[in-house]
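One chain, chain A, appears in both complexes that follow, with chain B as partner in the first and chain C in the second.
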Partner chain A sequence: MAALNIQAVAKRFGETDVLKRIDLDIRDGEFISLVGPSGCGKSTLLRIVAGLEQQTEGHILLDGRKVDAMRPRDRDLAMVFQSYALYPHLTVAENIAVPLTMRRMSTLQRSLIGKIVPSASERRREIAGEVAKVCDALSINALKDRKPAALSGGQRQRVALARAMVRKPSGFLMDEPLSNLDAKMRVQARSEIAALHRQLDSTFIYVTHDQAEAMTMSDRIAVMIGGELLQVDTPDQIYQMPQDLRVAEFIGSPKINVAAVTLREAGLLSLTARGTTNAIHAAFRPEAARLTAESEGIFCGIVHHVENLGSDLFVQVKAEGIVDMVVVRTDPAGQRPALRDRVGVTIDETRLHVFRADNRRMPGTFRLERRR
Partner chain B sequence: MMSVSRKTTAALTRSAMRHILLMTIAAFALLPFAVMVSTSLKPADEIFSDSVRWWPHKLAFVENYNQALSTAPLALYLLNGVIVTLAIFFLQVLVSLPAAYALAKLRFIGRRIAFCFVLFCLLIPYHAIAVPLFIMLYFVDLLDSYSALVLPFTISVFGIFLMRQFFMGVPDDLVDAARMDGLSELSIVWRVMLPAAIPALTAFGVFSIVAHWNDYFWPLIAVSSDGYFTPPLGVMAFRNAEAGTNFGPLMAAATIIVAPLIALFLLAQRRFIEGIAFTGIK
Partner chain C sequence: MTLSASQNRAGLALMAPAAMLAVIFLLLPLLAIFVLAFTDYQLGDRTLHFIGFDNFRELADEPIFWTSLGNTLLYSAVVVPGSVTLGLVSALLIDARTSLRSFYRTVFFLPVMASLLAMAVVWEFMLHPSFGIVNTALKAIGLAPHNWLKDGDIALYVLAVIGIWQSFGFNMVLFMAGLSAIPRDLYDAAEIDGAPNAWARFSLITWPLLAPVTVFVSITAMIRSFQVFDTVHALTQGGPSKSTEVLLYTIYAEGFEFFRSGRAAAITVVFIALVVAVSLMRFVSFKKNGKPA
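Our next item is the complex of A and B:
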């Protein structure tokens, strides 16, 4: 088991900064997700941790030891790839055995004449036993003699996991391991990976662009955008206390509502049209807003669209001159607004987030001025 | 109903026409081989008769083939051919696979230039460098040996180019996974890339083996003692017979020499079609 420290790691490809001095401490046994839009540098960071890529600056520490000059195989980390990267010419059992044979058997024992080298067959039996154990744990015993080409996406993903697990590494690196699965499989695999983490009690670093995966599985989430680490926090904190407007906008579905505001006096905000640069922004989640009668809302608008998810009803309200679109969550059992109704919207001010022009959170409590 | 049957008839006619055309072309290509096999079965007096006849009046199979195998040490020449072509192919694979891997998957300064050199070398016909090669082998005193037949062909730029193009299509993740699993760069070449490249390697193998089995030019220059003769040189033994060319046994010898190539091609053909698709990793 390993704790991992990423110290001021930067990566440049020519002129472009892919990573801008990332600092991140990961505790032993923690499940941490690196989440961000594609191209934010999260995969590059993972590959630097793995040793597959060299950082331009900074250090990687595993259990307090600097591993910058260490080859991937010596870092004792296992990686699961998005494409699974199974060896197409080997069977499932042989695929899973590779990390063990490469570490435990000498070149001579692995070679063609390996069968007659003393202790090779004993070693082989021992490895086969461990492979069988992992196959049991992931219930892929029936697939052991198949080639990867004969497996479904979900099965390949399990084999890739098994290959990573088999040598009991001190940490797992996962690069979007679920993104090649269909939506249903993904939800199932999500809980399986979370269960695996609890059972193995080992450090997981999980890269994804899907905020739902990050929210559901992680102990902590690290949100990366544009090569910067914007916030590292528990899923609850990330969702309820975003420290940066971009974090607020990235996490949560449907997206958080954002409106430009001007600060009038101590804590009093008034909504203005978005688009003005250097503006302060107020943001609130769809569940922090409520539909009211036209006269009681903080502002009014016209119902533009209603999305019914069965459990929730998301009402899109167009409020002219204030925000292009506000999404409000309501209970489908309650009264449903009709299209083109004029409605009022009130906002729970304790759940209002305010961000400065540089996107950082502005501390304090705020009230919204009613707009007539 | 009428229109359906008419349509199928039309399709059948068109397909028949296509096949007739293709068979005509194939027949022309195969004609010299047919003449070769036919001649190898004829006694001397029938070969020069003025009427075309595929099957001889008097079958001279035993005589011709017997003479072919006894006049010259044909078995030795065939063995030489096997030794030389296999040695060449083995060494070509040994050199071109790591080179192709480096060009396709490793990042190093000068990679593009190195690849440009490979492309440039593809343009050089080997006849053009035959004389310098000969002189170099003379200086290291290797002329008239197996080494003289094998060494000049161990670095195949065509092989490097072909395998590099194939390796470009192998996903980077597979290489990275191998690195994480603890394989060294060289083990990646032999344990991951080689098995993945079997179809391309088969194609290259057929090119290489056919080219060097049939090569007449270089062995003629490089070796002089007939203990090192390759099959094409061996066939010439029949031409130089003092009593004029003896075509029956000559053709019999030629047939014996191409037979292994045809067998090899038929075996490899199935491999070509099979191929190992990358379905397992995408």
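Our next item is the complex of A and C:
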């Protein structure tokens, strides 16, 4: 069990700022996701926490102790790699045993001579027992004697998990562990990892670029973009109360609708064409909008495309005067608009987010001016 | 897939040039060697006179042949481990540093590219008993100088050292290629899994994953070491008193100094058998590993 504090950690490669003073406190037993587009520095941050890379500034604290000078093996964290990083010449059982043999056996005991030293064979039995337990827990017993090359992607991922679990570390670091799986396996593995977290009651730091993974598994999500931590919050808060326009745009599928607005008077916004510099932006999710008759909408437009997902119907409306396409969620059981229909769109103003020119959220309640 | 008759003809016509070249330049000379080995042909003779296994019987009774074979194997036994180990160690050292990598790679590879005959002249100067740099250096630190190339007890080992110097760069380049194929992730995983030191990382990852390369390098080095000739010819001519006589030099002497082509061919057959046997080892090890290096 470990609480983890990241204090003002910065990382520079030459002139490039990869991480800009990141502060993040992770509670003991928490499942936290670092999510962001590729190149945002989330993997670098994870590698710094693991000790595989050294930060340029700042400190990492594990249970209140500074571990900046500590090697990865002494930090008591396990890591699951995107490529799984299984040792290709070792069997599954041998792979899983490595963290134990490396820690409990001396160089001599691990060597060929170790095969005949009695103390070593006792250790080996003890380690084999623990490996068997982990294999049982992840139901990979049947694979024990296979080499990684003979396993499917999902099986390799389980073996990598088993290797991380076997020495009961105080925290797990996961670097996009599901991104090499196909879509179906990924959904299954998602719930398995969440279940594993509940069962182990250990701290998980999970790096992903897939906002769906972050939303479904995490206690809290930390959204990183361009080396900055933009918001750390529960999935609900991140989704419903994004503190930054970039967070709002990154989280949610389909993407949130964004339109440039000008602030007329106290709380009254009018839509303008997007692209003006220093513009204020209003954003609303597809489910916060509703199709109406042409005359009743806040603005109107032409139906450009209708996407039917079975459970939801997403209608893309090309709104005149607003550069971007607006996506509106409707119930497939209800009335379906046809292509090139003229429709009106109204927006639930309680679910309207307004962001300043510097992308930060603007507090307050707002109304949208009806557009003629 | 079945081919029509015309496709077959076209295929045969296309491979004919390569097949003909292979027959003329590879198979016929090889066949000629095997034929000559069973004759007492001497350079200039107009007829072939077959004498069965007499050449081989004579070789078996000839001490010089056994000395030559023994010297070749001894030379190989020193050069192969020496150049493979040195190649591996230098590859690991260069791989561990990021800067100057290509500089070191080029410097260590230079002896491989340089003509060994020309380099032998440099070595002869360095090893010269009175003004060579080696003896001067030994004297400076108070050790006894040696007549390196004229002392029958050490001359072969001196040649072996030159052989190691000349060939380890080649092995190093092969090892570096093998090292670059090992995913970096594995070393990160080993670090997380608690590998305590460089030796643990080496024995857990580098050594086992380099195994196919090591087998390939060892066998290539062995075959190359059997072919030692330049340094012997330039520095010792097989002496003193046959202590550096090796198979290729014996073949050369029999064939081009004594003009006994039949004898030379018979030794060549033994040499070819040796090389084929080593090559078969490689084949067997490939089969065991399930894939080529």
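General remarks:
Keep this in mind: the second predicted complex is superposed on the first by the 370 of 372 C-alpha atoms of A that agree within 3 Å, B and C clash if a C-alpha of one lies under 4 Å from a C-alpha of the other, contacts with A are read in each partner's own complex, and residues count from 1 in each chain.
One rule holds for everything that comes next: a contact is a pair of C-beta atoms (placed from the backbone, for glycine too) under 8 Å apart; a residue touches a chain by one contact, two chains touch by 3 or more.
The structure presented is a predicted model; accordingly, all values stated were derived computationally and were not measured.
Look at chain A after the overlay: chain B and chain C clash there.
In the superposition on chain A, contact of A:156 is made with chain B only, not with chain C.
When the shared chain is aligned, no partner comes close enough to touch A:226: not chain B, not chain C. By the touch criterion defined above, A:148 lies against chain B but remains apart from chain C after alignment on the C-alpha atoms of chain A. When the two structures are aligned on the shared chain, A:254 is found in touch with neither chain B nor chain C. Residues 47, 50, 52, 71-73, 77-79, 81, 83, 85-89, 98-99, 102-103, 163 of chain A contact both chain B in one complex and chain C in the other.
Put simply, chain B touches chain A in their complex at residues 171, 173-174, 176-183, 187, 192, 195-196, 198, 276-282. Those residues of chain A lying in contact with chain B across their complex are 47, 50, 52, 71-73, 77-79, 81-90, 98-99, 102-103, 147-149, 151, 156, 163.
Chain C meets chain A in the complex at residues 183, 185-186, 188-196, 199-200, 203-205, 208-209, 211. Every residue of chain A that touches chain C in the complex is listed here, in rising order: 47, 50-52, 71-73, 77-79, 81, 83, 85-89, 98-99, 102-103, 107, 110-111, 163.
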